[in-house]
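In the two complexes that follow, chain A is the common piece, with chain B as its partner first and chain C second.
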Partner chain A sequence: MRNILDRSFTIMARACLCLMALTLLGFLLPIIYNGLGAVFFNATVEHEKFLRENLDYDIPQKKIELIERADAARAPLWKMISSYENSHGAAESGKLLAQIRKDVFASMRADKETLEKILGLGGRERAEKLRKYAESAWKIYDLEASRLAKSEISPFALDKAFKSEQTSLESDAKKFASDCDKTMKLGFSKRNSLRRNICLPPLGLMKKLRAEISLQNAAYFELKNGIRELLGPSDKTEKSKLNLLRQRYGQTRMDMAKKTLEESILHINIKTKNSRGAEISRRVASKQYFKNSAVEDMIDYIENNFDSMLKPHFTAYWGFFFDEPFDSNIFGGIWPMICGTFYLTFGSMLIAAPLGIAAAIYFSEYAKEGRVISLLRMCVGTLAGVPSIVFGLFGLAFLINTLKVSESKSVLAGAITLALLILPTIIRACEEALKAVPQSYREAALGLGAGKWKAICTVILPAALPSMLTGIIISMGRAAGETAPIIFTAATSIGSALAISDIFTQPTPALPWNIYNICSEHEMADRVGHVQYGMVLTLIGLVLALNFAAIWMRARLQNKVK
Partner chain B sequence: MEIKNNKLIMDKSANALGALTQRLGRALLFSITAIPTLAIIFIIFFITREALPFFSDLKNVAEFFTGTNWRPSNDADPHFGALPIFYGTVMVTVGSCIVAVPLGILTAVCLSEIVSKKISRIFKPVVELLAAIPSVAFGFFALIVFAPLLQNHGGIVLFGAALACGIPLSLIISLPLGEWVSIKILKLKDESAHPWVCTAIFVPGCSLVCAAAAALLNVEISSGTNALNASVILAIMALPTIVSISQDAINSVGRDMREGSLALGATRFETIFKVVLPCAKSGIAVAVILGLMRVVGETMVVWMASGNSLKIPEPFYNVLEPVRTMTATIAGEMGEADQSTGSARYHVLFAMSFCLLVGGLILNAASQWVASDRLKAKKI
Partner chain C sequence: MEMSPNYHPPKEFAISAKDFSVFYGSFHAVKNVNMDFERGKVTAIIGPSGCGKSTFLRCINRMNDLVENCRTEGLLAFDGIDIYHKRLDVAELRRRIGMVFQRPNPFPKSIYENVAYGVRLKGVRKKAILDEIVENSLRRAALWDEVKDRLSSNALGMSGGQQQRLCIARALAIKPCVLLMDEPCSALDPKSTARIEDLIAELSGEYTIAIVTHNMQQAARVSDNTAFFYEGRLVEFGTTSQIFTNPKNKATNDYITGRFG
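Moving on to the complex of A and B:
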């Protein structure tokens, strides 16, 4: 009985151990796998285009050919789009409408008497009569427009024709009214009433027709945006008009391209009216929606020529570490953040290490146990227990608002704050290291006639240095990863890599803060997934590399002692 | 001194100079050593100074600790009820302790008592690596990996966790309970019947656990960023601290104690529970307090994983609701209050960090007190 209990307990405890190892693995593996995806991935030609045009990369001839071939494969698609948008029937029917419009105005000009009679009436009656007159005059025009709306001309082109008709109707009405004003001396209110009412029926119809086809057009635009998102703009003139980089290039990564195809091209959001007449958004398969139209051919073309339009090829983008970010990290690398983390870590180390070593020397070599010393020791422990966010607030209230070490956030303020944070760890590690130096070393040094100071400098410190370094390196790792203290003292979310001369006055982007920022506050978080993972992997890699170095040093030290 | 040509005696001035530099050097070292003390004093002073404008109004203070309406940025009608925020902190802390303390102590026991030295040496770096991973990376994991998992497959995750905890727990409870029942209540003389009693207790207990787990299978989690997520991730962060410090404590229990216990016929389980752990209890208490401090002071994980909702969960133990903690509030709102230094919001956030600081100092004092108690006990 007791043995069963013993066994089961043993098994549970081992399971706990395994759980811990599994936790570490389960934590690290997805980060490593996805993080490596930021550097090694299946790129599309858009990636090379971006590198060539923004970062002056030398793209090998082979890849340039790839880009050209991809452009060639895209050409038919752009042609389909432009022919859909400017279909010939629309231009002709637009001309037809314009002709009818001119005829109607001519006939109204000819028929002056009726108009004069109507305009002679007063107020409300006048407006009503005018409307009736206009209705009968525009009958042919309205019929023709309604016929066109039901014809096979693409709604996109039709909308364009109707839009231009709308503007010309308005301007013609104005002109007609002012012409009548000149011949009949109408006065302000009559002229206005004429202008407003004479084209009312056709304008109302145009509005109604456009509203009907606008739902269809909205769906088409949605699809076209998806295509833009996938492939980028069609030519240079269109490209030069766009401001944001994310609009100027298509998807640079194959995984994102496939996602775009699935989510923005094969499926789109359309607006329909529900039974109560309110507009609702609905998600549909776009092929189904555009069945039997030219748009369906476009979608088919994209699906069938997906690879040849994007030319996927495996690439290792080392620039991820060394390039500046573009368009809030959607393109480019993370160099400024790495740089900022480097400044902050080394800055805090330069401040904290000498102080820590000096304090440790005092504690282990000079201090005699007493009340003052135990108070000092207690304060070291207390400092280690202060929450890191409180350090950040302290840095803000003391260093920036009171001492004014810099105008606002700066690397210097951040480094001092971080130095305070890691000081207790360094003091403890160094003290342990000094205590581990055998007493015989000290006695030998003193016995040879060295002063206390000399003994410390020439014998004790060198003996303790390796294990001191171990402690310092570990706390460096901690400084590199801390976020809370630098939020208010040093970190900014965007910016380029700082020059050394700027570190006293300027804030800097830093890996930990930007990881938070890109995860929680990025406007297009789903487009920068690889960058998120890449940044975290970089930070963890940096910290773990420091720790491995420390572990390795300690192991070597232990062997030496043996 | 009288023999002027004696070269053995140092020049008076050189002697004085040497003594002076010695003194100066020592004073310099001392002043450097006092930096942590100064830093503590300055931190307390400045946090208090910035918090005082808020605390000086007693009505504010009452609302701060009891109100539930938190609207510090509303200039016309500001409200500073921080109770949900305090409650969120407590909830997340307690939640992570429930996960981390048993797990951490068990792991420490396993590392120092059960597995061989070799395996324990392999595992030491694992614990250290877990401790070294930056908190923002944990926050990232919670937000990007764990939260979607909870949101999309919450039922399965809870089911698995309930089974993994419940079955061993019911086994561990049913074994001693069965023995106790068969001896004290049923008064069975025959020892071979005891296992049957234990089984009779274990089977319904286990099926109860399974039923509870199956009920969890249908739970839908509306938001992946909630108190549970934050608690679990914080527990993982606190584990290394708890494991390594309690391992030290357990290791420092003398060999003679263990051997005595084993020689008297106790099993390893009994030795660990009745001898080793009681001996190491103050060290383990220190470990738990330090782990707690890490959890309370942690910012990035709770900011990213807790959901930042200003409501007290309904019912109060519902860990699947989003909460908000003090650290997350400070980190999230100070950025906006920063520019208008001197605003009510700026001061109330400092007041909150003052509470955090006081809590940290109390916990720290407690840990040092327990540790010094232990030292004294050892000396005796």
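Moving on to the complex of A and C:
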């Protein structure tokens, strides 16, 4: 019976361990895989372009040729776009319309008597007659415009032409009315009526035609934005006009490029009206939508020449760890965050370790058990249980607002706050370490005429050092990963790596805060997935490295002692 | 160090106790002990477990200060100086009254550093002087020949007997007047015990030695005088030959003949 119990217990324990290991792997492996993706990935030429132009990287000749070949492959696409937007027929048609407009106005000027007769009429009848007169006068113009709308000319170019015609019609009507006013002394209301009604038919038509092509144009714009997102702007002049880096470059990573192709080019959002007349957004396959137009050719070209326009190649971007970030981490690396985490961690350790060791020495060597000491111990215990966000608020309220250790957030304030957070852990670890030193060492040292302090310095501390260091380093790991205390005291989401001299006055980006920030507050969170995972992996790596350092140091020091 | 104002023991006694009592809280551990340790002689303290002999020994260099709520009454004098005087420099006292503990307790340092530790505390910095003192002390403790080639290796790597002799060498290095030994051989095998006993015989004459032991034969072998403690009281005190051959007290007789304890 006992045997069975023993065996089942062993099996259960092993199963639990396996489960834990599996969970850990299941948790770590995706992070490691995705995090490494920030450094090793399939890059497009845009990646090299960015590095060359913003970080002064020396790009090897081979890559430069790659960029040139990609640009050459893109040239036909840019040409298609420009010819679509500036259809030749459009300019000519615009001219034709303008000519007809001028002719109509000229004939109306020549035919003054009719107009005078109509304007002589009163009230409602005048407006009626005027409208009819205008309708007949603009008949040719309207016919021509309607014909254009049905022609091969791209809606984009047509819209431009119609828009300019609209403004010209309005200004010409105004001019015509004031001219008539001068010769015929019309007065305010008649002049106004003339101005309003004389171009009413063509203006109405323009409005109607533009409304018809506007939906199609909006769809085209949507598609063009997608192309921009994928490839960046077409030339330097266009590039210099753009403010944001993300608009100046296309996709730097092949996986993101494929996603862009699928989501922003092959499929687009269009606006249509539903049965009740309300405007709704709908997702359509763009090839279907632009069937049998020049735009379809563009989409085909992009699809067929996708690889030659982007030239995917595998790359190892070590700069991810050592470069500054650009445009909210969409480009560049995470060096300032690593630096900030380093400053905060070591800063807090430098503050907390001496205090913690001193307190531990007091507790374990000097303090006589009594009410005051148990109260102090309780305080340390309570401090360990205080939620970290409270430490953050304390840092803001006390260190920054009351003590004014710095103007606003600073690394110093953050380091002090973190130091307070890890202090109880350090005190406890050090106290345990000191208590573990055999009493016989104390007796031996004191027996040889050492004072208490001398005995502590020469025998007890050296003997306790390995365990104390372990405790301190593990606390450092905790400080490195804490987010809440630095939100109010030290962290900014954007900033460059600080110089040592700035840590007393300047806030810094730091890994834990920026991980939160980039995952939940970032405006394009889905475009920086690799950075999110890269940061997480870096932070985990840092904490693990600290823990391994603790283990290694402990082993080394203990070997030395033995 | 200040002289005790009202007690001047004869010069032939290194340590004198007069109506000396020790309390742990309310427990009266050592009761009104009056005894003198002869200068240059070995004094053994025997008695059953818990009779207060170790406590008494540890009071001589104030090692019991480490124990909380330990309190003393009466007088304990070293060379006419009140050991429990308020303004006494305890570190200085312990330098004059060395101690060897029940279990060997070398520091986790090299053999050399262990011996040099107390000397360094006295402010000696010169390597040549330190070397000489270390060698002399190790020779006195009959350890030099065994360890002279590995002075820089860790002391914790030595055998128990060697460690105990190292502790004696360490105590000797600071040139004390008195050496207190609290069951120095209880953790050692017979061979190591014999070596320590030889060492004690060698050191007597030069040092005043007080040794607490459970081993009656040992007390008989190494000591000049013997004190028998029982239930916190000093029952009998006299020369070793007298105590072991002709005890005056019945309890002493019972103890040394092995009827109890």
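One rule holds in what follows: the second predicted complex is superposed on the first by the 516 of 562 C-alpha atoms of A that agree within 3 Å, B and C clash if a C-alpha of one lies under 4 Å from a C-alpha of the other, contacts with A are read in each partner's own complex, and residues count from 1 in each chain.
The rule is short, and it goes like this: a contact is a pair of C-beta atoms (placed from the backbone, for glycine too) under 8 Å apart; a residue touches a chain by one contact, two chains touch by 3 or more.
These figures come from a predicted structure and were not determined experimentally.
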**Request:** Could you tell me if A:G481 is touching chain B, chain C, both of them or neither one (first, second, both, neither)?
**Result:** first
So, A:L215: does it touch chain B (first), chain C (second), both, or neither?
neither
Practice item. Kindly classify A:G385 by the partners it touches after superposition: chain B alone (first), chain C alone (second), both, or neither? Key: first
Query = Counting only touches as set out at the top, which of chain B and chain C does A:K368 meet: first, second, both, neither?
reply = second
Review point. Who does A:L544 touch here: chain B (first), chain C (second), both, or neither?
Key: first
Partner touching more residues of chain A, chain B vs chain C, is chain B
*Considering only the touch criterion stated at the top, classify A:Y441 as touching first (chain B), second (chain C), both, or neither.*
second
Figure out whether A:D6 sits in contact with chain B (first) or chain C (second), or with both, or with neither. first
Contacts of chain A common to chain B and chain C in the A-superposed view 451
Per the touch rule, the chain B residues reaching chain A in their complex are 18, 22, 25-26, 28-30, 32-37, 39-40, 42-43, 46-47, 49-50, 103, 106-107, 109-111, 114-115, 123, 125-130, 132-141, 143-145, 168, 171-172, 175-176, 179, 191, 194-195, 198, 236, 239, 243, 267-270, 272, 290, 293, 296-300, 303-304, 327, 330-331, 334-335, 338, 341, 349-350, 353, 356-357, 360-361, 363-365, 367-368
The answer for chain A against chain C in the complex is residues 368-369, 438-451, 454, 458-459, 462-463, 561-562
The chain C residues in contact with chain A across the complex are 61, 63, 66, 68, 91-92, 94-95, 98-99, 101, 103, 105-108, 117-118, 121-122, 154, 156-157, 167, 170-171, 174
Counting only contacts in the complex, chain A reaches chain B at residues 1-6, 8-10, 12-17, 19-21, 23-24, 27, 30-31, 355, 358-359, 361-363, 366-367, 375-376, 378-383, 385-394, 396-398, 401-402, 420, 423-424, 427, 451-453, 474, 477-478, 480-484, 487-488, 512-513, 515-516, 519-520, 529, 532-533, 536, 539-540, 543-544, 546-547, 551
